[in-house]
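Shared between the two complexes below is subunit A, which pairs with subunit B and subunit C, respectively.
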Partner chain A sequence: MTGASCGVEKTIWDRLFTSLVAAIYIFLMFPIVLVVLLSFNSGEFLAFPLEGFSLRWFEALFSNKRFLDATLYSIQIAAVSTIVNGVIGTLAAIYVARYAKVARDFMRLIMTAPLLVPEILTAIALLFYFYEIRIGTDYSIGIQIGHIVVTFPYVFLNVSSALFNFDRSQEEAARSLGASGWMTFRRVTLPAIKPGIITGCLFAFVISFDIFNISLLLKSLGKNTLPLELFDYLRFNFDPTAAAIASLSIFMTFTAILIIDRTVGLRSLRF
Partner chain B sequence: MSALEAVPRIESRSNRGSATWMVVPALVLLIGFFALPYLTIITMSLREASTRAVYGEGLTLSHYTTALGDFYIWGILGRTLLIGATVTVLSLLLGYPVAYHLAKSRSRWTSLLYIFVLSPLLVGLVVRTFAWMIILSNNGVANQALKAIGLITFPLQLMNNSLGVTIALTHVFLPFIILPLLGNLQAISPDLAMASRSLGASRMRTFWKVTLPLSMPGIQAGTILVFVLSISAYVTPAMLGGTGGRTMSVLVVQYLVDNFRWPAGAALAIIMAAVAVMFVGLYLKLTARAMRRLP
Partner chain C sequence: MTALTIDRINKRYGNLHILKDISIPIAKGEFVSLLGPSGCGKTTTLRCIAGFERPDDGSILFGNRDVTRTLPEQRDIGMVFQSYALFPHMTVAENLSFGLEVRKVSVPDRQKRIADVLAMVRLEGYDKRFPRELSGGQQQRVALARALVIEPSVLLLDEPLANLDATLRDEMRFFIRDLQQRVGITSIYVTHDQAEAMVMSDKIVVMSAGTISQFGSPREIYERPASQSVAGFIGRSNTISGKIAEALGQDSYKVDTPCGSIGTTGPAGLAKGAEVKIMIRPENIHTRKQCVGAGQKQEAGSGEAGKDENVLAGAVVNSVYQGSANQLAVKLASGDRVTVDVNGRNPLDVGEQVALRFAASDTWLLAS
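Then we have the complex of A and B:
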């Protein structure tokens, strides 16, 4: 009855609205689908009509040493960022949720600040700073620190949100039954917030794999991450090999999305 | 019950001193490699230029006065702001219907639609901009399609200008306005709209008088996010802006990387940030009036 009164009847406006929304969803997905389609197309050009299915552009990609090196370098940087942030981001989230009293708001602010300011400004700041403190950009340490800083908030926010939803009386029960602090953490708290940690880490990995501005300004000479390599390649070439790289990166992203969706659900993502 | 509650509370108080170590690594990272570096942008912008080193010995305000007296830079700043404002308005117009639809949707496809909204966000910027190059170039998909249906005979210039950058940035940042709006719209009790309807208001009137005003916080948060992101975007204008779509970020990177003029580049970056802060402040002031009527 309430259902009828709040309008299940389809009017012309409903149909118009539905078509509008459908068009916007297509707008959102079209470029991504297009890249994947063209990476499997046998034709020489990045254009329609499609000529046939082929893996030749992926072969071209895998026989290109620069792209392979760049992919490995990106994976290495993203893996280190994920591991470091998985540890220090989780610890910080627990501290802020449990122990920080007076400075809690300030800490929340500084822990999420890298998300709140434009990445290009952070990249510029770090470029100058590394020069001033004599770290420079000759080694990977600069770009690595930059990636850790920018992806830190993703772990912090997702773990914080898991902690917020966690019922602390379980911990109290464990403690009152004689478990030590460490035991309680390992057997009660950690399993409860594990989904938040996993989501945060996956997110940090994907973002670190994708970010560009930090890598552009902090890279050492001759060492490109995959986005940088693609960017350089596109300056002089415009062929389906680029689409194959883009496709690979899209597959990686969708694998991560699928894992998050199957384990904790996409709606629990925090950013 | 009170005994059970009292035990952990005493515990946590005595533990607080010893728990500090947990937050130390994060604070070291974010103060040492985030807060302090931002200060060096300011100090760098005040250094004298030098041809032999990154910067000279003395301090000067000349980078600011030179930049602010340069019509070319004013032009680029104006273009950057115009692109930012257009992208913000477009994303609001396109993002609101999607957020509204997702908030109301009860179908089993909802989670797939949610993936549609989220996935562009997680696909790299270079990849998404590259996709738009395929669409917007002279022989690109858009021009092919327009030719095929007979609307044009010569290709339209859709790239290497502000138009291309605006279109691509709208796509790139659309999820950033949908997600805050979605959170906001889902938090609004459906009872309010239902009450308005049962009192005789039409659905249009209910939307304008109830739902839209209540979603102002989401609109405000989302539009500020998109505005700041789009005026500071580098990848998209650098890849498909050409010289006709050059923005402040592209100019700053050119100063830093190609021309090796760090102090002048730092001053430009600060001017860009200051203008962004001014505009956001003005916007907050203007929208505050609309927000004040909210409960």
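Then we have the complex of A and C:
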């Protein structure tokens, strides 16, 4: 901090900085607002100017069986990814934080690799691998594993950070009071890392609901996730149904953030 | 009767020998402090007693029960941590209830014991609060209550006051000591603060580099330190080097030093001619303005000094006002510097010649 910006009076730099932050927020929020606005447009095309308010594109969305099936399919895959990662991501974080000794940093890197490697590469690698071990892409197992792999780091990282901030002497206190290892975990450790688990799981859900590349390469026969269905749709149509789907997606993301805030508080997202 | 016996335990981490043949017998109801600088092994010793570390060899007995190979939860201990380690998602009452639930104490009995222990730590009415709603001192009292409510056979305290501010720390020392005496529980207290160990303990174990330097009462350790490092670690001390001239009795010696011959007290069995260091505490040295240098012989007949008194001459080289006392640095004829406490109202100026008087019984010889 320079002396100038520490003063009570706002300098030109403070004003500039505030404007810059505002500009960034506008840049990030503008497309979202735009899409939501377009989804309520009564016009035939995904374009401005808006012609009037209407819920017809939502109606079109919910009466389109393909979109409904895709939404349910996406929710199913996201839910399974969330539950599976909630368990294995937490266990992996506990192992790396507590028991890994020599290769801890290396393991942490490996666990976060799906986040670091471009998604398309992970998708291609998994595709080859699945054909090699004869899982193929006839069934949903391939795409499901793909989603689990890609969303795994979100649970792992959030639980790791919760464990890192956790004072282990609480566990020792519980042991000194006569609690077994399992009881200590259930009554002391688990409640302490619960915010990390919830946050990680919600991230996993939202990301899984959203990702495209993995789904494109690993999708099973005749089944599309919502982003894939949307992509197919937009290749031949240009009406605001797409905007309605986008609005639905945005709504789900906001719901997730709201749940995090209400249950564990957004403060737990600080690293 | 010994409540706790630590018998020749060793602990190594790779090449580091953390504990070397540590043996401590602790009587029932005693308050024993493990005192030493960080890295001396005091915390590792405590963690071995608690069961969080397992010694490589040696044994630990609670009464007659060998607990060396048992898990912490099987040992019947109460432990207080430096970080308090309260369960943040539980209220005060739930924190206290935890150990009782594990022990399957009935609900009415549980409530009674929680109420009793809260009264004991003077936190009545705080049972529904969460730890984050309490001050540091209150949290520490809850931690203490949580350890005591299960009525363990041993209470272990790992630097419990290190995170408190100075005033509160002083208050908590007496609070913990008083509580420990009322309950009569055998306690082991780890600290690096020698003042804390002095005022709280029945016995102090002074540790350094994985060994016990001295084990004794606070008085023994302060007045009869076993080595120069113990003398230096507990309180302030001065040392003057010399050689034993003759043994006057079983524990009194005459020592030749560059400042003359000095009458001293020391451990029995020091041989004539042995190199020793004479330790004197700053508060045991008395000063008097003096115009001529004087040795013991000169002063002997003057009446100011008793027959076991020593007198050394020196010049004041530094004077620091400390409120209750003035701390003087005095340079002796031999060149040694000696720290002396004098009454703050009679300041001596830098450069003044002073006579330093101290009784032979206030000295202690350290082998060098």
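The rule is simple: the second predicted complex is superposed on the first by the 241 of 271 C-alpha atoms of A that agree within 3 Å, B and C clash if a C-alpha of one lies under 4 Å from a C-alpha of the other, contacts with A are read in each partner's own complex, and residues count from 1 in each chain.
Following the convention adopted for this analysis, a residue touches a chain if its C-beta (ideal position, glycine included) is under 8 Å from a C-beta of that chain, and two chains touch if they have at least 3 such contacts.
Every value quoted in this text rests on a predicted model; they were computed, and no experiment measured them.
**Student:** According to the contact criterion defined above, which of subunit B and subunit C contacts more residues of subunit A?
**Tutor:** B
**Student:** Of the two partner chains, subunit B (first) and subunit C (second), which one does A:24 touch, if any: first, second, both, or neither?
**Tutor:** Only subunit B is touched by A:24; subunit C is not.
**Student:** With the two structures laid over each other on chain A, which partner does A:145 touch: subunit B (first), subunit C (second), both, or neither?
**Tutor:** After superposition on chain A, A:145 lies in contact with subunit B alone.
**Student:** Per the contact definition in the header, classify A:75: touching subunit B only (first), subunit C only (second), both, or neither.
**Tutor:** Touch status of A:75: no partner.
**Student:** By the touch definition at the top of the document, which applies to A:167: first (subunit B), second (subunit C), both, or neither?
**Tutor:** A:167 sits against subunit C, while subunit B stays out of touch.
**Student:** Can A:178 be said to touch subunit B (first), subunit C (second), both, or neither?
**Tutor:** Once the two structures are laid over each other on A, A:178 reaches subunit C alone.
**Student:** Give one of first, second, both or neither to describe whether A:231 is in contact with subunit B, with subunit C, with both, or with none.
**Tutor:** A:231: touches subunit B, not subunit C.
**Student:** Should A:60 be classified as contacting the first partner (subunit B), the second (subunit C), both, or neither?
**Tutor:** neither
**Student:** Applying the document's definition of touch, where does A:188 land relative to subunit B and subunit C: first, second, both, or neither?
**Tutor:** In the superposed model, A:188 contacts subunit C only, not subunit B.
**Student:** Please report the subunit A residues shared by its interface with subunit B and its interface with subunit C.
**Tutor:** Overlap of subunit B and subunit C footprints on subunit A: residues 172, 175-176.
**Student:** Can you list the subunit A residues touching subunit C in their complex?
**Tutor:** Residues in contact with subunit C: 167, 169-170, 172-180, 183, 187-188, 191-192.
**Student:** For subunit A, which residues count as touching subunit B in their complex?
**Tutor:** 2, 5-7, 13, 17-18, 20-21, 24-25, 27-29, 31-32, 34-35, 38, 45-48, 87-89, 91-92, 94-96, 98-101, 107, 110-111, 113-114, 118-122, 124-129, 131-132, 145-146, 148-149, 152, 156, 168, 171-172, 175-176, 181, 206-207, 209-210, 212-213, 216-217, 227, 230-231, 234, 238, 242-243, 246, 249-250, 253-254, 256-257, 261, 266-267, 269
**Student:** In the complex formed with subunit A, which residues of subunit B make contact?
**Tutor:** 4-5, 7-8, 11-12, 15-16, 19-20, 22-23, 25-27, 29-31, 33-38, 40-41, 44, 54, 94, 97-98, 101, 111, 113-120, 122-128, 130-135, 137, 139-141, 144, 171, 174-175, 190, 193-194, 197-198, 203, 228-229, 232-235, 239, 249, 252-253, 256-257, 262, 265-266, 269, 273
**Student:** Give every residue of subunit C touching subunit A within the complex, in rising order.
**Tutor:** For this pair, the touching residues of subunit C are 50-52, 71-73, 76-79, 81-83, 85-89, 98-99, 102-103, 143, 146-147, 150, 156.
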